[in-house]
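Before I ask anything, let me first share the structure, which is written out below as structure tokens.
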């Protein structure tokens, strides 16, 4: 234990300025294990490059339009779960209702095109803005509650929107569905797929960039603090409600964009499929599977889930066992990889590169004192009174 | 209850008379809070002076924590007003009060369990305006400051350990480091000594005095009388939700009412 | 005399991390108070968790009344006569004070004993009686600790493990708690006490153990430890018990307590 | 303006429906309010029980009410196993969140297995007394609906007494609130938590049977129930069995009455409106129970 | 050519691969499986007779899990990856439209056995043909004619409609509603319920309270049963009760406790129809599956018949230019099927009408139109 005198090297006093100057304590212990950290960053950079190359060359490599369209579906999943992860990953609010936001984005895009006659991509932008705007009141209501109650509210959001879009048939088409006109009517279907593949890839890149920016920012740290202990974060000066609302709106905006782009690509909207709890759950599953604390977690999850769903379908053919397989996959993730694939890999990686560190001090109190103070500790007899000491340094 | 003014000179030994003494720091008028049938705060009128180390003591359940909660906006008082440096903060949100310069710790020690100690401290760093929110969280100077606080509290070896894996006392210290990182002018500490090793407690005491010398005001709720008596300039004693005595340690120690209600001797 | 509880060469830790306790041995005889002191994170709470079966040791043996009970869970430990009061707050927050206290006597079948004990603790801690029907989580921190201690008094175990029972208590309640500890000792119970209020605890205790780095650093009669200036400075802090003793710390002179 | 007879008939139907809702929600309050597990799979288990009742009637010719002799203990056992094998292994700090996903997975698995075993065809028990009814002041009451209502009453009362009057209820709450402390006072927390969960599923067995008496079932039907049931327990106050019962009766009644002017689809929105109103104005629910907001 | 003509088309040994996506699991799985059996019967019966153009028919069936996203992916796969020669339609209106779009954009002929709702034909599809006698809105045409021809005193004056929120189910009920309203018959109740409704107590209460002369259910199978049971529980006795789909099912009588007398239903198919291909179909189907075919099976079989006729006439079956020829042929010709001769208008709508069946004497029998009837219509119907 360092002796009392050690604490005298007061940071603020050494700056010598007035009372409100922020304290800058003495220089820290250098961070441990700089090598592996740098190595990790290098690996990350390489991974990003490889990933980008893979995505960009995919349309050229895809043997047929079907594979390309499957790629679009996976990219759409990736955008959706990355969008979800703005809320789920940072603040820890698990929303099963993001499917509804995507559906809203899709319907808004479609209705803007059909009813207002806007050009497709203007409609898409308008729809994303609309979804973001609607996310303000929705978030205002939903974010008042936490934890499981929030989950319930988010489920309720899906169900209520389903009811509205089904019942308000005169406007939304109801159960007859809504047909969104093609943005590029002249394109053949394979070409159409290629264009949309790149559009989805671009959207994914933007979403990832936004997530990364938030992740490394003070704002992001504040959000993570909310995830850990909301009241505590508030007492430390984070405007928690505003922060939650902002990130919810961002998340909703991206989700709406993804939903709208999907609508433009897919063309047919039906409330039953647009407002389904399953969509939202898949977003959660993918993000969770990959790792909600990682930038690429949702993307990895989308890849795995996209491929797994396809595989289950082939494997179990026309029995509902594919549902069972999906459920089992989800359960396995929850039970054995609650932090996701990427962190699990990271742990493995760390175990090779770093020895297990212990949280317990490795030196006794006496050694610590000797190391810090060198000589015998100043005892009260030779210690000047506190006031004098502070007086001399200030 | 305006007793503070006037007994200024009695603690003059500390002599950091930088012109801020005499300015009122936290002040409440008729603060009342009832929980069902329990009157946790009963028209409490209290004033703490700027630049001092104040202590708030009183028996279990006398309303000290509730007082903190009301002052920091975590609980809405039923009636009464709170002000900080002559600005009314009665209905302000907790984060607004925190940004106005009032930091606090919790009695039941709250840290961010799945963040490393370093991130715990970094998360407390102050931001100035919306744009600074977009700055990187792990900038060098901030990290240096955060590590500095960990060092000062003797838990620098835990910088990369997740808070949930720490012992009770370590978490208490971590919480303190976080609040200090947020650089408040006034620090409300709810039982900082609870569960902290005595040797370290001496250091915390010294740290409080030191920070006080830098101009920070403290309000400390504590049952460890040795600590209270040794570091505070001014003591307010609560009983049943209202102050029953206040003054410098020497006065409080011999106050009849305090002896009867609290010290139990 | 045979030890009521004995931990022999315990290695223990959490998860896959490095061990917290590294070959630690403690034993408590009936009718004695052994006090564990040490810096934060030294492993004191871990010792108690191992002793009550909440944490299984990686190696080493635990004996209660001479019987090997290594690897048993808290329920069997309680049946063997070991009671444990946790550090921090462990009231059942959404149950009333009454339910909390009565749950303390969960294992007692005899209704009369429960009633008698309830009356005793209600008498001992006024807040328990006053707030009998309040949800425990709504009490103040110190009140909760009192409820917790009262809950532990419902049973009459052979070994009591107390983890900082005085934390957050006002001086009056602290005295009550220490009185009860002494009463238990006098009734023949073996008490293993962890306290950061170290000087007061050592004054009460018979034996003291200083823990550091998961090992017993020094142990001996409590009075002897109290008098050791080196220990005082490293672990016990503050001033020695007698204001006249040397080796105190940097307390500002104005605040020297008046005895 | 609807006729008096229609109003009265709707009130009767609403009350009967509300009783069924109360029963179906009862298990949820147990897990949700007391055990802090968000049990998405509850309604899937209801449907499973309904299928078992249907199956034993259609294939074995057993009256669905008799099938409860098997299904109730069976579900209790399944609940114990699920809790011990799966839920108990989740980290306590993230229990609430992870349980959402885990039970979601269980729901999907049940749905898939039901579809596999019984195909997606809609099923309905064909009882001799299925269309029987009797008159009451001009309204008609179907016998099957009345039986379901009675089942609900009995099950709810039993559950309430079990939670309030026995030490089991105490031990369960203690176990969830502070497992370590509960173990230290001598509670066998593993067993108690398992029993708690089993009890919830046992109510699902009763509820499913009651459900099967008078409605169609199909494997994906459970999605349809999640929303209204969740709304009921929030409105009733998390963890409060009487609260859930009252909320269920009220919402059932309101739904039934609102159907007259608004039609079936819009009338369902009452559940969600009530949910949002509760969270906005009285997060602790209207009939006692814990703070939904902080949960 | 967007997708390869490299499938070795033309060679007589190669089978003609017919790609289909069907809801074999999920909400529509029951009718989906019926459609599957119909297609399988068609493939078997055709192959037993030597196939089409001397080539065997090979079915490639994927499961779309009753999901619109999947149905599109399935056809995408069938056309783009598996290179099938022909695609035919899935089940349910909700899935037909997205599926037809894929086929349309790859230029494939798309004959479909379900998707009877009017909306399907308003999408501007050029390659789509519905292989059944009539679209949903025309199902009750014969009944409407009959009722409106009754003397004013006997005609029902008030009608209650309850329809599932589904384009097909609503289409049937609203087709009748439009015609009766035009004929001056008043609508007293008009309820729409979501597909997942299981409790019909309130809807039945409304209908019963309105004391309508006639009740019309725009229903699929189970909701129809539920509604009838709920009406019976309330002891409501209309003069006429008509439900789409449900009453023709073999389990119907048992499901409502045999209180079936007098219930009406439209049908596009009857096993007793005298068309030559139908006689063969019923016989061989029964031999293959052990029970006689229902409407879903027949529609799928009809689809196969239309495709086979087109392929035989045009003389090719592969992706590419051939498809255009197939489409043109179907549009311009009449095809003899198990549901009678079919022709289509420009939108692919068939130009026929449904028959009306009624439960008379414990059996479901054709009562309308007069030229096809097996027995006389019973009106007003006896109490149930």
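As written, the chain order gives the labels A, B, C, D and E, with residue 1 at the start of each chain.
FYI, a contact is a pair of C-beta atoms (placed from the backbone, for glycine too) under 8 Å apart; a residue touches a chain by one contact, two chains touch by 3 or more.
Here the structure is a predicted model, which is why all the values come from computation and not from measurement.
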Would you mind checking the shortest number of contact hops between chain B and chain E?
2
From chain B, which chain is the farthest off, judged by mean CA positions?
E
Find the two chains joined by the most C-beta pairs in contact, please.
A-B
Centroid distance [mean C-alpha coordinates] between chain E and chain C, Å
78
Centre to centre, by mean C-alpha position, how many angstrom separate chain A and chain D?
34
In whole angstrom, how far does the Cα centroid of chain B sit from the Cα centroid of chain C?
28
Between chain B and chain D, centroid-to-centroid distance (C-alpha), Å:
48
Per-residue multi-chain contacts in chain D, two or more chains
115, 120, 223, 263, 265, 268
If I count partner chains per residue in chain B, which residues reach a count of at least 2?
13, 113-114, 165-166, 197, 199-200, 202, 206, 209
Overlap residues in chain E, where contacts from two or more other chains coincide:
25-26, 29, 165, 194
As the complex stands, chain A meets chain D at residues 92, 94, 96, 141, 144-149, 151-153, 155-156, 159-160, 163-164, 166-167, 277, 281, 284-285, 288, 319-331, 333-335, 338
Seen from chain B, its contact residues with chain C in the complex are 11, 13, 35, 38, 58-62, 64-66, 107-109, 165-170, 172-173, 191, 193-202, 205-206, 209, 223-226, 229-232, 249-250, 253, 262-264
Mind listing the chain A positions that touch chain B in their complex?
1-2, 4, 7-8, 10-13, 18-29, 31-32, 213, 216-222, 224-225, 227-229, 231-240, 357, 359, 361-362, 365, 385-387, 390-391, 394
Touching residues of chain E toward chain A in the complex: what are they?
2-3, 22, 24-26, 29, 61, 63, 65, 67-70, 72-73, 76-77, 79-81, 94, 97-98, 101-102, 105-106, 117, 119, 123, 165-167, 170, 194-195
Can you name the residues of chain B that touch chain A in the complex?
13-16, 18, 20, 51, 72, 74, 93-96, 98-99, 103-104, 106, 110-115, 119, 122-127, 132-138, 141, 143-152, 154, 156-161, 165-166, 178-180, 182-183, 185, 197, 199-200, 202-203, 206-207, 209-211, 213-216
